[in-house]
Structures are given as C-alpha cells and as structure tokens.
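Please see the structure below; I have some questions.
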Amino acid sequence: MNSTSSAVQHGIAQMESSTRAESIGPKTYLVAPSVAVLLVWITVPTVMTFWFSFQHYNLVNTAGREFIGFANYLYFFSSSSLTIAALNSIYVVLGVIAITVCLGIGLVLLLDRDFTGARIARVLAISPFFVMPTVAALIWKNLLLDPVNGLLATVLGLVGLPAVDWFGTFPMFSIIVIIAWQWIGFSTLILLTALQSLDHELKEAAAMDGAGAFATFRFIVLPHLARPIGIIVMIETIFLLSVFAEIFVTTSGGPGLASTNLSFLIYVQALLRFDVGLASTGGVISIILANVVAYFLAKTVSRSLEI
Amino acid sequence: MEKRGTSSSTVLNFIAGWAAVILLIFPIIWMFLTSFKTEIDALSPEASLIFQPTLDNYRTVLARSNYLTFALNSVYTSVAATLLALLVGFPAAYSMAFLPTAKTRQTLLWILSTKMMPPVGVLVPIYILYRDMGLIDSHLGLILLFMFANLPIVVWMLYSFFRDIPRDILEAARIDGAGLWEEFRYVLIPLSGPALASTALLSIILCWNEAFWSINLTTTKAATLAAFIATYSAPQGLFWAKLSAAAVLAIAPVLVMGWIGQRHLVRGLTFGAVK
Amino acid sequence: MTAVNIEGLNKHFGAIHTLKNINLHVEEGEFVALVGPSGCGKSTLLRIIAGLESSDGGSIRIGVRDVTQLPSKQRDIAMVFQSYALYPHMTVAENLGFCLRMQKRPDGEIRSKIVEAARILHLETLLDRRPKELSGGQRQRVAMGRAIVRDPQVFLFDEPLSNLDAKLRVIMRTEIKEVQQRLKTTTIYVTHDQIEAMTMADRIVIMDKGEIVQVDTPMELYRRPRNTFVAGFIGSPQMNFIDAKPDGKGGVALSQHLTFQPDSDVFLKAGEFVVGIRPEDLLLDEEDGLRAKVTLVEPTGAQTYIHACTEDGNSLVTIENGDRRLRIGDQIRLKPIIRHLHLFDRASGERLTVA
Amino acid sequence: MIAAVGLAALALSPAFAEEITIATVNNQDMVIMQEHSSVWEQKTGNTINWLVLEENVLRQRVTTDISTNGGQFDIITIGSYEAPIWGKNGWLLPVEDLGTQYDYADIFETVRKGLSVDGKIFALPFYAESSMTYYRRDLFEKAGISMPNQPTYSQVAEFAAKIHDPDNKVYGICLRGKPGSGENMVPIMTSVNTHGGKWFDMTWNPQINGEAWHKAVNLYVDLLNKYGPPGVTSNGYNETRALFASGNCGMWIDATVAAGYLFDPAESKVADTVAFTKAPVADVPNGAALQWAWALAIPKSSIKTEVAKSFMAWATSKEYIREVGEKKGWILIPPGTRKSTYDLAEYQKVAPFANFVKDAILSADPTNPSKDPVPYTGITYASIPEYQSIGTEVGQQIAAALTGQQTVAQALAAGQAFTEKTMEQSGYLKK
C-alpha cells in the first residue's frame, strides 16, 4: 500500500512538472520538425485549394481561370449532392465500425479459446487488413459479388435463390461490407490482444459468484474491451472518412449518387469533370469537416482513452 | 463457463474457430485458387475446387509488365518514406510524451486530423507543385508524399509507446551524463526497439497499399505495385484469373510481412492502450 | 565531497507556489533527509538540485560552483530514483558503467570501477543479469551502485526504499547508511517516512506546503519540535495533543483534576494552549493522572500501544513496556511526565519557549 | 549475340538513343503494341517506358498532366473526343510531317477528319471502331428466330424476350450500365441519336428532356430491367464483354473491336456461336452506330518529339499491321484505320467481320450524328470540353433510373437542369 501511495504521489509530481515547459534539459523544439513538415504539407496545398475554390478553373477548358467569388460554394450548398455525400461518408464510418466491432467481438470470443492451430488461426484472421484496398475491392466485385458468375451468385443459385445485384440494389451496403471485411482484421487484432490480457482469475471469480456465460461476457469481458473498442472507433473514423478506392473500383459512386461519399464527390469534380474550382471547394469543405470530427474525437473518445 | 481441456469442447472450439477464420479469409483463398485456373475454369462453378492448376496467368502477368521494377519501387518508396517519417516523428513524439505542454493533446489531434483529408482534394495543387519541382514520377516525390501521409500515424504510435517508458529512466541517463543524442542513442532507441519495429511495419504496410498518389504521381520510373494492379483492374475479356494472379503478386510480400510481424503490430496500433 | 548551498529558491507550477524561498545549507559529507507529507515540495526541491527541473529564482551552489543554470550532466551528482530507473536493456554491469561510458573513460577503468562498486554492494554474481531478473532488493543495490560508481560530489535519493517490503527496507536503510559513511559523500535524501529520516540522517529538513519548517538533528527535532506540525510528524506513535487552558493560578489545566506548573509563566497570558505528550511520557498510574478508558490494545512484541479515551473526550496513546494485561473497557489513569511536556500556542501552533 | 545486335543498333543510330515515355490504355491491341515494340527499340536503339492503365485512370492521368503542362509523356493515347479539343487548345503537336514514307492517304478519311482541327491532324489513329449487334446464333436458332441485316430497336426487344433464360444464366441482352461519359452513355447515345434526339440544338440549348431521349432511355431501362443481366450498373465495356464471352448474353450492342476477341476461342466460350449484324436503328439512321478511334499523339510538353514521331510513324503504319499479323496472328491486328488493312487476304480469311466493320466505320458520320443538324461533332459524345462533366452527370442520373431509384423522367429532368447550368456557366447560353 505504501509503495502505491508514494507512486501516486510521485505520479502527481510528474504530472505537475510535465504540464510545464522546462528551461533545463531537452526542449519542446523537438516537436518542431514534425509540426513544420506537416504544416508545410497541409498549408501549401490547402492555401492553393482555398484559392482555387474561388475560381472557375476547369482543366480541360483553356478559356482561362476567373475569380468567381463564392459561386462554387453556392453551387455545392445548393445541390443535394453535398448532403448525400456527407451522409454516405458517415454511413461508411458508422456501418463499418458497427460491423467490425460486433463481428470482431464474436470472432475473438471464438479465437480466444484453445484449439489445435489456434495461434495460426489468429494470425490468419488478421490477413484482410494487409490486403491492398484496390485488390480487396476488385476481388469482391468480380470473384465474389458478381451477380452472374460470382461465387455468391453460384451459391445462392444452388439453394434456389435468385441472384442479387449487390452494387445496383444495395450499393452502400455492399461497399460497407467490403470495407468492413478489410477492417475486421484490424478489430480482431486489437480485440484479441485485449481479450488475452484479461485476467483468467477474474472470469473464475465471476463463475464463483454464479455468473453464467452471458453475464460473464456482459459484466466482465465487455467492460474490459471498452478501451480497445474506443481505439477502434477512433482509428477507423480517421481512415474511413477518406475511403475512396473501394467506391472507385465497384460502383463509381452510383447508381446516381447512392454510394458517393465526400472523397468520391471531390474525385468526380476533379478527375471526371476536371473542374478544379469545384473540386477545391469540396476539398475545403471536407477539410472543415475533418476538423469538426477531430474536435469531437478529442472531446469524446480520446479523452476516455487518456491520450 | 468454458471448461478448458475437455476434449469435446476442444473439438467444438476447433471447428468453430477454424470455420470462422476460413470464412473470413475466404476471399483471399478464393483469389489464390483462381489465380491457378484457366480463364474458362475461373467462371465455371464445376471447377471451383477441383481443377487442373496452371501457371499461365502468372506467366502472362509477368511477361506483360516488369513486376520486379514495380515491386522494388514499392519496397524502396515504402521503406524510405517510413525511415524518413521515423526520423522526423521520433523527436516530436519524444518531446510530446516526455515534455508535454497544455497544447500537446491539441497538437496531436490536429496532426491526426490531417489524415482525414481526402487526398483528391489537393491533387491538382500537389501536381502543379510537383511539376515545378520536378518531382513527378520520382522516387523522392513519392517518398515525401508517403512520409507526409504517414507522419501522423508514426508520431501517434511512438508517442503512445513513449508514454509507457518511465521518465525516470531518461532522467537517470541525463544525470549519468548523457546528452540528448546519447539519451536517444543509448537509452530511448534501444528501449523502443519493438515500438520502432511495429511503427515501421504499419507505416510500410500503409505505404505499400497506398494507391491514389502512386497512380496519379508516377509514370514509369517510380510506379509501385498499386499502379501495377491498376493495369489489371479492367483488362479486356475474361480476366479473373489474370487479375487474381496479379493481385496475389501485389499483396503477397506485404501479407507475409504482416503475418510475421503482426505480434508487434498490436502494441503500435493500439497506441499503448491495450497491454 | 562538497557542501551544497541553496539560497532563495522558488518554484511555481502555474498558480501554485510549490517552493517558497528555500534556503538550505548542506555541509560537506553530511547526510540530510528531506521529509514532509505528499505534495510538500520535497521531491521538487530534489529534482531542482538534480537539474531535472528549473527554478524560478534563487541559486544552487555545489561547492564553489553555481550550478543553477547547468544541465544535470555538468553538476557532478548522482541520483537514486524511487523506481530505481535501471536501464532495462542493459546488464547490471552496463547499468553500473553507463555514466563512466558517457564520460568516455577507458574501458579498463570502467571495468575496475564496476567491480569495485559491485564488491561494496555484494553484486559480484549478478553483473551479467538484466534488471528484470533481479529481486527488488538487488535492483535497489544496483541503483545505489550506479550512484557510487562515479564518485560524485553529491548523492541524491528520491524515496529509494519505498518500493521495498518492510523487512528489506530496514536492511537497505542500514546498507545505504553504511555506504554513505564509508564514502563520506554529501547526501540529500527525500523520504516521507520519518523513521527512515530519523535513523539515517545527520540532519532532517522538515517541509510543509513548500516551505522548510525546521532543520535540525533527529534527536533535537524529537525533543524540541518547532511547532505542532513537526511534533506530530516526527515520532511513532504520534505525539498526543490535548487542548489546555491556564488555570488562572499561573498553572496549566490539562483537565479538571490535573494541572501543572510550567517552569516559567511569561507566556501564560497568551491564552489557549495545546499540550503535546509523547506516548512514552504518559505513564500508567494507579491513583494519579487523567482518567481514561481503554479503547484499543496493540501489542507489537516488545511494547504494547494502548489507546484510551479520557473523560474530556481526548484520545491518547501510551506505550506499555510490561506485560500488564489490559483489556478494552478497562479504566486506567494516565500520568504525564510533566518536565517532558511540550507546549504550543493553539492558534499558531508555534512552540512556546521558556524565556 | 545479343550484345552484337545491341551494338549494331547503337552504331546505326547513335544520335537517336533516347528514352521515351508512352501512356496507353490496357486494351489488348495496345498490350500487343507494347510487346511488339521491342522490334522498334532494337531497330532504333531507343528505349520506351510504358505506362499502361485502365481507360478511366489513364484519361485522368493524361488529362491532369497535359492540362498542367506536366511534361511526363512523349506519346499519349487519346480518343476521338480529346484529339480535336486538345489540338485546338494547343496542347498537342501537329503530326502532318512524318515524311513521304508515311501513307496518310491510306487512313480512312472519316477517321482522319475526326482527329483533325482545321485540316491539321493532331493524332494518328491506332485502331478505330464502330458499333454492331453481337448475338448468339445457337440461341436464335433454338428460339426459331432469325436476325435481320439491320434490326430495329423494337425487334431487339422482341428477340431479347424470346431468348431470355435467366434460370440458365442466359440474359436476353447485355448493355453497358456503369455510369460514365465513356460507359453507359455510349449505348444510350446511339439509341438516342437513332430515335432522333441530340445533345444540343444549334444554339446550344440542351435537349435532354426531349421526346427522343425519353423514348430511348425508357427503352434502354426497360430492356435491361426485363432481359438484362443482374448487376448491370456495375458493367462497363470490359465487364459486359466478359459476360458475353462467358456465354451469359443473347445479344450485345457495342464496339466492333470486341469482335476480334469474341471470335478467339482462347478468350471466349462462345467463339463458335457468336454472330453479328448492324447496330439497331429506330427512326433515323444517323448516329445509330458509334465511331471512335484510339490514337497516338505527342503533347506539346514533350522534348523528344523526333523520337516520338518516329515511334508513332512506325506503330500506326501499314508495316506494323502486317508485322503484328505475321507474328501474333492476323485476327489480332489493330482494325479500322487503314484501307490497306482490308486488302490483306490473310486478315479477310480469319476475320469474317472484317468488311462489315469497315463499312460500319465508313458509314458512321460524327459530323452528322442526329436527325437535325447539331453544332457539335461526335456520336457518343459532343466535342466540347464541358462534355466530360455533362456525360458523367447524365450517366449517373440514368444509372439511378436503371436501379429504380428514380424514374426516367426524373433522371432526364435532372440531367437537363445540370446541363443547362453548365452551359450557362461556360458562356454558351445567356443566363
């Protein structure tokens, strides 16, 4: 007990001292290279993007660039595409997080047990995370989900079910499934490690207290996984907001705008219509949104993670 | 509660565990199988599992483009970008972890938020800048971009590792007469070996799989495997088998690397929050 | 072997004034313990001396050198951390030799110094192990060894024993003291454990709320605490405190039945007092003294601590050396040794000294 | 031995030993060009860096580069749509001066004109294509129907109904459905044209809301919903061709260049049963079949123009066509660009569709794609820079109608509104 309390005291002392810059010893200037590099990386293109967003600037039109004030912004805010795309971006984040967390928990509950080759199985389960997003999308689109010759259509056919046009009928769902497949590898990796660090005595104690399998899961395992789940939420949010390859390869944002997210909306403007002005406007809007999301992450998840 | 060691439950665990894993990685297995089929077999359900394997697809793919060049470019750019990111990120993570200020958390989140920006939004500015600096289709250009793109993750991962290292040890080194460089060289770097390894691994994987910049900023000299696979994303005619072969070639190196290194990956990805 | 001189040292953490105008002189070869409750600033003071924190004004001199603005490595000090802060990736020998390596000493010299330190601390057989393969006590000794191997001008200890179990702590306490006496190195030792301070230090510095309250030898502190804080902090079991009033006849009334006459009456106009009685100065008596009821009996072997509650509601502790079998609820009488009483002003807590 | 050849090549043209970069599409004809180009490399001592990408990716890559004057390429592969616009923009080097050996006159005039601005040619055609109707002879025989020389769209619907057999994964008709100015808009526009519709009237007013568009798009949506394969909105040219080649389609109206592969048993399950006829018509013959050429051009930013010209002269020459025929097989030669190609007996022997394709290409007239006169050229596109944007948007809208997310009327209204806005913005229309 004594050592604990003195450790706490020591911790307090450290915390106090750690919140202030020191004049003796290494300085905070060490952070400068990273921040400077990122500032340049962010600032220069961002300023250019900002500048372009007020122009009529089409790559294939040599008529020239002209300053058009907020016209690009008005265009974006007056069309419904921005709302749809923003919502789709959010659907991807929420959908993928929901699937990866739920299925990830199920999977690690199976993998946490002892069985022959369990270690190999655990390593293999992470594989999807290493697969290039383009490749993942191509494989799913062609080999698996193709409604005519795809494996799933064949399997459905065997049990007498009609083929489903996944990307035409359920575009967002299909894309979310593909992305979720890649990220289940990630959530499994983290949840499995967390679960294996769970004290077995704790489970045994719960069993002695008369907890059944469900109660053990609900009151012992799940709380233990809260932090890793928080991490999954944060990391996936960061990466999923700018999902692009999976949409590009499969639905091209369609049908209509059904599977267009912000990234893809900007892509359409920039590289299908070559309208740099509009694309830059989209870029500016998405930069603002990214900062809003970062703010909320800071308020919620990262605080609880004590990062 | 589960009864460990009971034979019947072990068999059940075995079946359930392996079934789940095989289902999960089935797309990869299927791709692997398809890469050894003829194009016609790739389409026929009868040839799903029993077929005459052929290496023709690999031959075609390898003959059509210089796989080795693409692969070497992938290795070169992802490793160099990772080293550069570690070099820049290491001092930053050190300073934030051991000498935090009131603004540290904000700085960190800002750094991370730069990852959320869709790259396509800044493609044209970057292209114009790169054109003027002569960086299009250069290894350096791609390395710099990969470095920028991964720096946030590198800083974060190292930061969370460093937070687990007791400050006392660094202070002891300082009292023992170590300057900043010696503190890094003899204490922090040896101590964060696993951290550096896992950070490097993740960074390499992310660089390897990056497609947007590789495709848009390289032509031939610096093109990576992501650009290589772009050639096969919709070739003429029946192409599933060839696509599978190209895909296997593109992901195999990083997949194997991931399998070998995954144990180290966890601590990095979890930002130290999962022990 | 050098004196350490601290003058007018201040430290702020934001709005918190952590160290208030600290002045302290540590003699050559002296062993000084800094004690005080959590948050009193003792660790901060030590870290400032070590150069791990900066100060806001004031100066630190080691010998004749003003080290206030120097980084740690130029101060010629060694420090033992509470966590030992051993380099986990180095063997014991490498840990011991690290500072010499940093000084670019020749390998042969490093080797011989390591062997020498290992001999002093009985670490010879452990030189090739890594810290995680050592027991707590062994780690502690390595941390010590790391400090002595370089032969610094000053040793700094930051609660070095608090991570050890009680028995080992007693052993290590002796070892540290022996080593210090052999090497005669000026030592500043932070602890929150007053027994450690009492047993080891030549002088003890008592700190409270960022200020030095009293600096004195252990026995002087024990006998003449400057105020109720020091009186309560030093000594175990703690000193008993009883509120008292002048009895109007030039004496002090401890209770209705017990008054005593202090040596002098100059201060008695002061008003209300606190009387401090060390447990060993409170004797069990058959007929005289304060009436009290036993509330708790704590045998420790050689001695038995008896807690009791007086008629006036004061809780008192006394030490009984004999084996009288008292039980909870027994009525006893406690008689203080009048000449050992401590008198404090109730408002300020200051000791009331006889003119 | 190899060293000797290399030395000889170097000795032959020491001044020329340069490295050029060529960007091209991953179509099989270009892949063959890439393979075969080692012949040119050995002959001249120059070397080539190839960038081979999928069509969409290539287009975005090349457009970004040329419009920002990036200077990455010495030769780019562009289509009939880009060549005149980019030529006019001054982004391309005119290629009229390849010397007397280069037989300009042999190139089909309609193709050559499509790649020229004001009589100056800016790109040399590598292969050209029109469209036609592919169908499965075996299925038609089984259903007891026969394909006329030029079917009408209503006949197409009728035939599709008869051969549609989804239980056996045979779908009456396959068409491109993937949204995109170069994807679903291709079959849609040929149908719109022959129904009498057009992109713009002579004063650049968009006509997408017109009756012909409604008829054509309703027909397209109907056909595919009733007799099309599932998942049609994911199918571009390549996917559709794969479907037909794997035996899942009864009919397919698309580019003539597919014929070479559909008749190749190594690439096609239906090589022995595929048959073809003209692209269908409705009210007018104008614009019923597309015309498109893939051509090689030199960006203004290239600094190795002489070597680039030398390669282009070789790759688009009669000799190249002959060499490919001899080395790789006559069915694999790039079609549609030169009269002399169709005089080759070897080609005629293996390619039953040869003359048919030639006639289709010659009869398609991009300058007169519709019933009424229009201010633009192009059958499946309109030769203005804004078309990329317009085609993409209208394609998206129609794809959404195809999956039932909106009605055809809504899709066309939205397309019309978007196009009006774009044309106003670009100054074609007064606000």
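Which chain is which? They are A, B, C and D, in the order written, and residues in each are numbered from 1.
Quick note on the criterion: a residue touches a chain if its C-beta (ideal position, glycine included) is under 8 Å from a C-beta of that chain, and two chains touch if they have at least 3 such contacts.
Computed from a predicted structure; not experimentally measured.
The minimum number of touch steps separating chain C from chain D is 2. Each chain gets a centre from the mean of its Cα atoms; the one farthest from the centre of chain D is C.
The mean-CA centres of chain A and chain B are about 15 angstrom from one another, to the nearest whole unit.
Taking each chain's centre as the mean of its C-alpha atoms, chain B lies 55 Å from chain C. Per-chain CA centroids place chain A at a distance of 38 Å from chain D.
The multi-chain contact residues of chain A, meaning those touching 2 or more other chains, are 19-20, 22, 25, 59, 149, 271. For chain C, residues touching at least two other chains, in rising order: 51-52, 71-72, 82-83.
Each of residues 60, 64, 68, 246 in chain D touches at least two other chains.
Touching chain C in their complex are the following residues of chain B: 166, 168-169, 171-179, 182, 186-187, 190-191, 193. The residues of chain D lying in touch with chain B in their complex are 21, 23, 26-28, 31, 34-35, 49-55, 57, 60-61, 64-65, 68-73, 236, 238-239, 241-242, 245-246, 261, 267-269.
Chain A meets chain D in the complex at residues 56, 58-63, 141, 146-149, 153, 163-169, 250-258, 268, 271-275.
Interface residues of chain A, counted against chain B in their complex, comprise 14, 18-22, 25-35, 37-38, 41-42, 44-46, 48-49, 52, 59, 106-107, 110-111, 113-118, 121, 123-136, 138-140, 142-144, 149, 151, 154, 181, 184-186, 189-190, 193-194, 197, 203-204, 207, 213, 216, 227-228, 230-231, 235, 237-239, 241-242, 244-245, 249, 262-263, 266-267, 270-271, 276, 279-280, 282-284, 286-287, 290-291, 293-295, 297-298, 302, 305, 307. Across the complex, chain A is touched by residues 60, 63-64, 67-68, 85, 89-90, 169, 171, 177-181, 229-234, 243, 246, 248, 385-386, 388-389, 392-393, 396-397, 399-400, 402-403, 405-406, 425-427 of chain D.
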